[in-house]
Every structure is written in C-alpha cells, then in structure tokens.
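Below you'll find the structure, written out as structure tokens, and then a few comments.
Labels A, B and C are assigned to the chains in the order they are written; within every chain, residues are numbered from 1.
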Amino acid sequence: MTTPTTWRKPPFIASPVLRWAFYIAVAIYLVGTIGTLPIDWERASEGLTRAGRIFSGAFPPSFARSDLMITGFMESLKIAILATVLGLLLSVPLAFMAARNIAPKPVYFVGRGLFILARSFHPVIVAIIFVKAVGFGPLAGALTLTIYSIGFVAKLLAERIEEIDFGQVEALRSVGAPYLVTMVYAIVPQIMPRLVGLGIYQLDSNLRASAVVGIVGAGGIGSTLANAFGRYDYDFALAITMVIVGAILISEAVSGKIRKNMT
Amino acid sequence: MLEINNLVKRYGKGAPVLKDLNLSVQGEQLMSIIGSSGAGKSTLLRCINRLVEPTSGTITLNGTEMTTLGAKDLRRARRRVGMVFQSFNLVDRLTVMENVQSGRLGYISTWAAITRRYPAADIERAFELMERVGIAQYANKRADELSGGERQRVGVVRALMQRPEILLADEPTASLDPKTSEQIMSLLRDLANELNLPVIINIHNVTEAKEFSDRIVGMRYGRIIFDDKPAALDAAQMDEIYAGTPSQDRQDMGAVA
Amino acid sequence: MDWARYTPAQRMKRYGAFFGVALLVTWALGSIDVIWEWVWDAPVQLADLFTRMVPPDPTNLETILWATWETINIATIATMIAVVLSLPVALISAQNTTPNVVCLWIGRFILVSSRSVNTIIWALLFVAIFGPGIIAGIIAIMFRSIGFLGKLLGEAIEEIDHAPVEALQACGASRFRVVLYGIVPQVMPAFFAISILRWDINLRESTVLGLVGAGGIGIILQGAIDTFQWQEVSMVLLTILALVIVGEVIASALRKKLL
C-alpha cells in the first residue's frame, strides 16, 4: 500500500456538474451586471472634483442657523414620541389578532397580513404616500412611523402572546369572566414588560427613521436636511448630519441603558 | 536539548509562580511533571514556547535562546516546539487534514494555505502519521465529528507535522476516559522512541506517570522538589509534592523570607 | 405568579412612568405643527387615494420589472462589495484581532460613521457627487452596509474560542495564517448569517433609493406619483411587496442551506 501524496478539501457542492453550474451562473451574473453598469468615467472624474467642492463647502460645518435645526430636531422628537405611543396602542389589538393561540384562523390571517404589509414597505415609501394624502409636514411623518412601529412591535408582541402561560387565562375563564375581560386581566399584565421594552426600543428606531422620512417631506430634521441639501448649503447640511448622528448615538446609548436596567 | 536556567515568572504584580527554576532535558526521553493544582506546571510548559512570557531567566533549546527572540524569530523557533493541549484546541469546523496541516502553517506559502493545496511531501507525511495513530480514515471529516481520543490524536499529529525538536503536552489525557488515556500515553511514549523526540508531559495521574515516563519531576509552589526515575518516587515524596495548597505554601514561604 | 400585586414602591414607579409618558404626549400634541382639520380629514383623504389606486394598472409592467431587476442588482452587488470591504474593518475593530490601538479606533470610527448615517442620506450625498443613477445607489448602500456588517462580524470575532488560535500560534504560524485557519472557520456561520440578513435589508432599502435619484424601482414610483398615475403607483407597490416577500423567502432558504 502506498501513502497518498495528494489531498483535496471536499468541495462545498459535492456534484461537479452542479458546482460548475453554480460558478458559471455567478460569473455570468457578475459580468452581466457589473459589466453593464453605466459607469461614465468622465462623470466619475467630474464627481471627484464635485466631491471636493462639496466637502470644501461643508467644512467647517455651520451652526449659524441652529434655531432652524433645533426646531427641526424637536419636531422629529415629537413625531417619534407620538408615533411610538400610537403605534404601541394599535399594536396591542393587532397582536391579539395575529396570535395563533388566541385568534380564530381568519382573524389570524388578517392580522398577519396587516403587519407583513406594514413591514414590507420601507418607511420612505409609506411617507411619500402619506405626504400625498395628507400634505407635507409632521402629520405625514407621525402616521408613517406609526405604521413602521406597528410592523415591528405587533409582530414581536404576537410572538410573545403565543408563548404565554395559559394557566391564568383558564383560571379566569372558569370563574365565568367574559372573553374580553379575560384577555385584559390575564394576558396584558404578562405582555406588559415586553411592551414597555419594545416601546423604548421603538422610540429610538423612530427617532432615526424620522430623520429619513423627512427627506421626502414628512417633517422633522430630515426635512431641514433635505432643504439644506437642495439649496447647496453643504456646511449647514454637515452640521445637521452631525447633530443627527450625535442624537442617534445618545438615543441608542440611553435606550440600551434603560432596557438593560429593566431586565 | 532543553536547558532552563533561573526561570522566574510572575503574573502581574503577584508573587512569582515560578521561582528560580532550573531544568535540563536531554535526548529522547519522556518526562512527566507532576504537582498539585496551581504548582505552576502549565506556566512552566507555556514559558518554553513563550505562550506565556517569562519574567526572567533563560530557556535554551538546542542552542537557541528562546527568551530574547523577536516576533519573527520567535515564530521560527516555535515551529521547532510541538504542543498538545488538554482540550485538544482543534479548529472544529475544519477537516482533520486541515487541522493536521496547520502544523505546517509556518512553512508553506500563503497561497498553499489559502487554497489548501498542500505540498505532496506534507500530505504524504500527514497520511503516514495519521495511519500510525489510527485516524487516516477521518482525513475528510470535520474535527468536531470525532471522539475525544480521536481528537487528541489529531492534536498529536498536528504537533508532529511541525517536525518538532521537543514535544510539550499539557495534561493531554485529562479530558479522556481511563482506557483512552492509557492509549494516548503509550502512543506518546512510542512516538518519543520512534522519532527520537524528547517529550514533556504535565500530568495529574501519578500511576500513569510512573508507568510511562523515563523521568519524573515533582513541582511544588514554583519549585522543583523532586527529579528522578519513576521508581524513586515513594509515598513520602508524594506527600511532599502534594501536601498543602499553593496559598498555604505562599504563607509559609512568606514567613520564612 | 402574582401578577396583580405590586409593592407600593413599584406602584409609584408605574404611576410615575405613566404620568411621564402622558406629559410627553401632551407636550408633543400641544406643540406639534399640524393643521388639525387635516388630521380629521386624513381618513377621508386616505380612502380617496386608495379608491384612485384600484385597480392596479399593469400597462408599464415591463418597465417596472426591469426597474425591479435593477433594484435587485443594486442590493446584491452592493452587499457583495460591502461584505468584502467589511472584512478588514471587522478585523481591526475586534479587540482580539486588532493590530494596535490606533487601528482599533480607526475601525470603530468607520463603523460608527457608516452606521449612524442612513442609506438615504448617503444616497443624497452620492447623487450630489456622481449624479443621479444606479452607481450612486450602489455606493450608498455599500457605505451603510459596511458599518452593519463590520460591527456584527467584529462582535462574532470577539466571541470566538481562543484555544485553537493559541494552538496555531504555538505552531509558529504568522498572524495572517492564524486568522485564516483559526478565526475564519469559526466566524464563517456568523459571516453568512449576517451577510444574508444585510442582503435582505438592502433589498428593502434599494426600493427607496430612486426617490432621491439613486436608481431602482423608486424612480418609477416617484415618476408615477409626480404625474398622479395612482393606478401605476399601486402596481409598483404590489411589485415591491412581491419583491420583498420573495427576498425574505430566498434569504431564509439560503440561511437553512448554508448553516
């Protein structure tokens, strides 16, 4: 018997036909997409000079109109608060609807469908629709982020309800309490800590998102930023971006701290 | 030949764990180090290939002074020192062959390492050694699919792939059942003979130590207090080695000093 | 479980929290700059908009599907490039693999700045630099993804088992090869999971890039909205819905296959 002198690592896809088909498919995709990217080198090199202009225009950041910035930021905060509270309130019934162990089948599907819908659309898309329906401003922003909150909170809340301890529900039911009362007394206290936790997390997310939906006209500091960009006020735009980043970092730290203390 | 002179190791500002330790290991012999927990056995072993940085003293391996080497020379010197670990320390998600070949990582080209196209001579030697310890059929298996005894064999082969000048084993059998433990110990002894390789083993099982070693070193609180043939180890000396606790020792020594 | 009873201190805390929230809401409601008639009118307006959207109009379906394909490509290419670029960033910003403190801080700075600026804001910047189009979109998604991938991957690197790494060091392997053999295999599952997750997120983000001119299906959406073609808008929305759901299905299938 001779000792082998070659060794190959067993390939990830055992069948060579499939493996090569996979490699070729990836290669074709890459060549087909990256190769046909409309890269206009002239534009790109122009882009560099433009980038230079933007950056030299952005430095130093200008805090001259900080009153505008504060107003915008406060508006974002208000939008985030209202959307969080409203979103949480609406999430509770929706979560009940979408909890497999409580809701009847048809209701369950409606509930699930609603928050799949709420989750699938990026807040910016929702915002642009709301802006068209109810006009520019914080109202559209608050509605958008309410939907955004529901998509996230209701889903996790429904999952929490699905793993609930049913002893208490049964106990109350045997006392003869009406169905809704049973729900409120037996289940709500159990999901309350989760709801509060989600709320704090969502407030943080909403604050971030409100900076974005503002760009399509839904109020808040995002609108201030979009305006600054539109008017080529790059130094003001940089100042706003810095404030947004700072606020996000603070909000993330605070919300993380609160949630850590709660558990 | 390994020559350790006046080795001192202290972690941080604490009392020294190794105190002015002298030890010399020649030729092919299997040497066991025994001593109670915290005596400094692991620290001693890990000072040799500088996984632990010695505080002072010298360690000379076949003419190379280990303690003063710079990063690059240290890597070169470490290739000459094989190490086997209590918990095997294999890379779970790699195949047995890749684990074994990682003993050659210091020698092969980066490209060979990335593409896993190992030199023919290395593959041949790997299969020979795996055949020798009985794991050749597992070459393509992932390391985490093996039993403890098999994994330790992989660990041994990985160390031997380095073509080391000395093999260090820190409690190589402590995670294994008694039978497997015996098998690994006799494997180490046989390999020491076959390959003319000095082997130093940290071990808690004194019976096994006596059965398999040519020489036993007893440590207590950072010092060597016994160094002789296994036959010379009697009950009184055992008591001496295993008596007390490190903290007790520390106080006693403190009182003396 | 005694869910109905609280200690007085707990109860005070609860009332306090409740009162605080009420106060915040009152402040927000009282000072927010909205025209309340519009608020009461909103349901009517929304219902009205909805009736104008049905039925969806598929006349431009071909264009829409092409834009969808472009959207997928933006997400996919940007994710791939970001994955590659995030590797060194993750390595230098993980405590146990960073070469030195300076690199650690550079790495952290890259992660924080990438993560704190939203994709859309990145897109605004790159549209201003490179002009409108798919390139600006890809770069924007890439910039945002690097922080996300780098942070999670860096955390995965910090959580690895150090024992095999030490064994490889004891073999005299160089730093790069220790990473290659000791760390890469250990973080592989996390690496795939994180990349797939980000691809899924990027698919969603790519649908809105067009609204700031950075390519993809968002451009069609914007165009249809600007010209009040509400039935086409709903067609686009349906396509996006399908895209996102299919993306999620693919992502979870990949996850199952690879992990």
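What we mean here is this: contacts are C-beta pairs under 8 Å (C-beta built on N, C-alpha and C of every residue); 3 or more make two chains touch, one makes a residue touch a chain.
Quantities reported herein were computed from a predicted structural model and do not represent experimental measurements.
*Asks:* Taking contacts as defined above, which has more of them, B-C or A-C?
*Replies:* Answer to which pair has more contacts is A-C.
*Asks:* Which chain is in the middle, if each chain's centre is the mean of its C-alpha atoms?
*Replies:* Chain nearest the centroid of all protein C-alpha atoms: C.
*Asks:* Averaging over Cα atoms per chain, report the distance between subunit A and subunit B in Å.
*Replies:* Result: the chain centres lie 53 Å from each other.
*Asks:* How many angstrom lie between the CA centroids of subunit B and subunit C, rounded to a whole number?
*Replies:* 48
*Asks:* Between subunit A and subunit C, tell me the centre distance in angstrom, where each centre is the average of that chain's C-alpha atoms.
*Replies:* 8
*Asks:* Give me the residues of subunit C that touch two or more other chains.
*Replies:* none
*Asks:* What parts of subunit B, by residue number, touch at least two of the other chains?
*Replies:* Each of 98 in subunit B touches at least two other chains.
*Asks:* Along subunit B, where are the residues that touch subunit C in the complex?
*Replies:* For subunit B paired with subunit C, touching residues are 49, 51, 74-81, 83, 85, 87, 89-94, 98, 102-103, 105-106, 110, 113-114, 155, 158-159, 162.
*Asks:* For subunit A, which residues count as touching subunit B in their complex?
*Replies:* So the residues of subunit A touching subunit B come out as 3-10.
*Asks:* For the complex, give me every residue of subunit C touching subunit A.
*Replies:* Residues in contact with subunit A: 1, 3-4, 21, 24-25, 27-29, 31-35, 38-39, 41-42, 45-46, 48-49, 73, 76-77, 112-113, 116-118, 120-121, 124-125, 128-131, 133-135, 138, 204-205, 207-208, 211-212, 218, 221-222, 225, 233, 237, 240-241, 244-245.
*Asks:* Once bound in the complex, which stretches of subunit B touch subunit A?
*Replies:* Residue list for subunit B touching subunit A: 95, 97-98, 116, 118, 120-121, 123-124, 126-128, 131, 139-140.
*Asks:* Could you please specify the touching residues of subunit A with respect to subunit C in the complex?
*Replies:* These residues of subunit A touch subunit C: 33-34, 37-39, 43-44, 47, 50-51, 54, 74-75, 77-79, 81-82, 85, 116-117, 120-122, 124-125, 128-129, 132-135, 137-139, 142-143, 165, 168, 189-190, 208, 211-212, 215-216, 219, 225-226, 229, 241, 244-245, 248-249.
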